[in-house]
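Shared chain: chain A. Partners: chain B in the first complex, chain C in the second.
For the complex of A and B:
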């Protein structure tokens, strides 16, 4: 998948002007947030359930290396083949190679952000292998060559007429319709044909259970179930942080995951797979491959701060709660992961070179932190990335900041550590700002604050600061 | 009489000094003696949020030196209180001495409405006004400090004040410090949304606990809806005590 994080500002502007995006954003994030809150109320103790999820993810991340080894051993004992992929290239090569070796000419896929991260569809296409997305939303975005707009609903923003048009163009339907049920049914029939003779299915993984070597997927359409059960060869791709210690832990994470993602206490389908078909079983894939993807995560793990982002379970609750996502939607974030989730994951995985806007496009409102079922402190992480960026951190590829900005902060902090200098600084600030005053307000300042004044005024700075007024008052009392 | 040290944010000091004066008025009304250290400057929030940690530490050390001998410190700004209370310890992660000094200071710092309701145990201030009031939940105040019931209780306690529901009260106004200047279109979309909800609420006044949000919302209203008023809670409560709050006509 093409990475466009460096275009955050431009894409934001396009999306702010896109009426479909804006129409959708006015409704859906609020509705999903409300549903999530309602679903949490079905816990006997919502706060305890929330905190319990944090603890599970905390333990999982702290014990990550050991849990992954246990998971591998148990998955292998179940008959699965485990491949450790250091990066996208290694993962894609393994999967393409496997497909070629088995003489597969097409594969089907369950919706998975990790394969978006890999750019797996493109890699398969280069090898002449068709990849069919089988989640309805992902199917639509694939036909349209669009990135996912929302992690849970990749095509939620696409108007129904556009879906009708692309379905006609691609031969999914013969005659036009804007009936959502008819469109859904057409896609279903179209994809059923792909499942019928399927040789190889590819899915992501929501949770991997160390103690049993099980991979778990949640979904609402049944397509993942078909991807996992109908082909001869099953490939499950997981980023390495998806592991939890026990099945009991996994069960609780499913409770919070489904509630956080879609406001359901349980999704319509949950599949737990522990290895391929056994000799005494009548169905299931003959081969099960589990690709465990690193792609920079071991490095993230080494830093106790960035490690925190590995808690993420990709529920998307942070997107729905984010004021910025609520205005610009998923495209500006420029990679597989959007919203606050992307803002904490992408800089750690891609470095800071092209993510400078991503780490700053946040008002630090803390809603994502409070809603996160995995216990990620997004604001602290973003502040950490900003500090690494201006410090020119080598590991993350920080920019070192702009010299003008650094100068302002240096002078400001020097003035602010001595009240006499502060006094001089405030007089200069007042003179400079008030130079442009119109009565008791300022409508613009020529340099440095164009963004602010594009839509806002500033009150003219009063002749006497609070400090001066207070000192005057004290003086008059003494008289 | 309880001595209360006032932590006056730089924004209040330079741009909105009446908020500081009204903070003092409220404290006196509650039989406290406000004290003010004229050496205070800025807590370092802006530098910290921009990633300039050395600069933020320089300001934080100055802040700690000025305030660390005070028993109770009160500020009319949720975001500045959050900085001192919850961020200073992160800032001095590698410096045990200053980390300790920051940690010792943190529990003594309060946001104004939090101090009045939680620490003094007062929910009835007296005062009166005739206005419909909407309350904007400033993000740092609500999400970082968990303060929401306190200011609303104080608003309700004002005789004649009708607290009306505000759609999206807890959605960010788009200020975010330098965010407002760096991402003006997104910021404007958010402050416009806030203003629209305020207009829809039918309230005369929009009250909040953070001077940052106030600068943003008031700045937007002043440009686009000059008849609509946004005020800081210290101004609202002190004006109510003086009987100076009137519904916009």
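For the complex of A and C:
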């Protein structure tokens, strides 16, 4: 998919003026957050359950290479075929080649952010193979060529009339309707025809269990189960951090994932696959391929700070709690991952080059950190990215900051290094700033600080500095 | 080439310095572990209803047949596919079907996979399965799939009826996992079903039956004669 992170500000401004986006954002994130909190109350000790999830993800990340090797050995013993992909190209090539080799002319897909990351649909289309998204929201966004708006509800913001129009255009319905249920049932029938004669299904992976070589998917619609049950060939694409040590750990993560994502104690369907169907079973895949995707993650793993972002389990709870996402929605984030989740993953995977506004679109309120069932400290990571960006970090491709900003900081550090210089500097700065005052406020300073003043004013600086007032006070005491 | 990619990725992960994982904190056991059999049954049924399922206690096989007749009459079901797991084969559904005007078919009755798939998608209105386990903590049906438990039977038709012997009701997921994966066994697929298929992807409007069943009935069987 096309990456548009560099347009963060521009898309945000467009979305702030979009009444459909704003209507959705006023309701759903708040409702999902409330449901999440309510669902956590079903744990005997919600805080302990939350912390326990953190410790599972911590162990998974610290022991990642060993767990991946164990997972691979067990998955192969179960009869699955494991392919390690360095990058999107390698993963896409493997899947396209497999589809060609098997002579399939279309595939169906379960909702999966990692295949959005790969741009798999586009790669299949280039090879002349149709890829049908089968999650209702993803199906709609695919027909409209839109990115997902929210990880749980990719098309929640799309007006129903627009869905009706595109369904008519693509032959999903014959006569217009704006009834969401009728539209959904029409999509069911349309996609059912694809599922029935399906040769190859593709899904993502929510969790991979090292001790048993099992992949787990979580969903509410049943499309992933159909993807795993109907075709003869199944491809499961997992980013390499999805592994957890044991089945017992996986059960706990399922509990916190479902509660965090949709406020359910359990999603309608959770399916655990350990290899292809056995020869005497009537349905299920005869071949199961597991693609383990790196795509920059092992590089991200080298840095203990960025490594922390690999804990993410893609529940979306951080989106629902974020005041910035709550205003601008999912489109400005410009890639497969939106909200705070995207702000910590995208710069680490894509580099800092086009993510200057993305990493700064945060008030550091810490709500995402507090709600995260995997224990990610998003605010600290964003500060880290900002520092790396300004320092021009070569690994992450930091910009090094603008020359004007660098000059100001250099002058500032020189001025701050000696108390006499500081006194001269602060006197000049005071005079210059107050020169711009309007009444008791400074509303703008023409050079270098326009961005700062775009959303706030500065009180006019008092005539006397703190140091002068302090000295006056000391003098008056002595008298 | 793939072997190279594997080794390169693993080496990059291995060569970096890593700290020890933080110790696991204390986790109080789930409340369901303290429940007795009756409480577990009540909890399972309450949770199952809460998640959008419909559950009925049935005292014996006859009560189960009567309830099935009611459900199938109300839902206008004349043809259903039943799995061949131990729970279902202990019943006499074929005979009940013959008495009640409902044709019961089974996956093994089809010559090949394709005709079975056609049938389960298009020629039956309901699927009937036995629960390997029913989990009280969230009202979840757990099924270990094998030659007797076709995957599509509980998924493709619009109505799913699951028979839950009361002895199969357990407190937590972990108990089911320990049993299903005991002694190195690896079922090809284990499914957790909690309520009907649903979505709210269009304007947040919730509706049931998106891809899987619109209705799911649990018949909780107290005893077998």
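FYI, the second predicted complex is superposed on the first by the 440 of 479 C-alpha atoms of A that agree within 3 Å, B and C clash if a C-alpha of one lies under 4 Å from a C-alpha of the other, contacts with A are read in each partner's own complex, and residues count from 1 in each chain.
Note that in this section a contact is a pair of C-beta atoms (placed from the backbone, for glycine too) under 8 Å apart; a residue touches a chain by one contact, two chains touch by 3 or more.
Everything quoted here is computed from the prediction, not taken from an experiment.
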Touching partner for A:229 - first (chain B), second (chain C), both, neither: second
Touched partner set for A:461, first chain B, second chain C, both or neither: first
Superposition-derived comparison: chain B or chain C, residues of chain A touched: C
Chain B versus chain C as contact partner of A:429, first or second or both or neither: first
Chain B versus chain C as contact partner of A:441, first or second or both or neither: first
Which superposed partner A:326 touches (first chain B, second chain C, both, neither): first
Contacts of A:143 with chain B and chain C, given as first, second, both or neither: neither
First, second, both or neither for A:362, with chain B first and chain C second: first
Common ground on chain A, meaning residues reached by chain C in one complex and by chain B in the other: none
Chain C residues within the chain A interface of the complex: 2, 5-6, 8-10, 12-14, 16-31, 47, 51, 107-108, 110, 113, 116-118, 121-122, 137-140, 145-147, 150-152, 155-156, 172-174, 177, 181, 186-205, 207, 209-213
Chain B to chain A touching residues, read off their complex: 8, 10, 12-17, 20-21, 24, 36, 38-42, 44, 46-56, 58-59, 61-62, 90, 139-140, 143-144, 170-172, 174-192, 215-216, 218-220, 222-224
Touching residues on chain A, where the partner in the complex is chain C: 24, 27-28, 43-45, 48-49, 51-52, 54-56, 58-59, 62-65, 68-69, 78, 83-86, 90, 134-137, 140, 153-156, 158-160, 163, 180-181, 183-185, 187-188, 191-192, 195-196, 212-214, 220-223, 225-226, 228-230, 240, 247-248, 251-252, 254, 264-278, 280-284, 292, 294, 298-299, 301-302, 304
List of chain A residues in touch with chain B within their complex: 9, 12-13, 16, 323-324, 326-328, 360-367, 369-370, 380, 383, 385-391, 401, 405-406, 409-410, 412-419, 422, 426, 429-430, 441, 443, 448-452, 454-459, 461-462, 464-467, 469-471
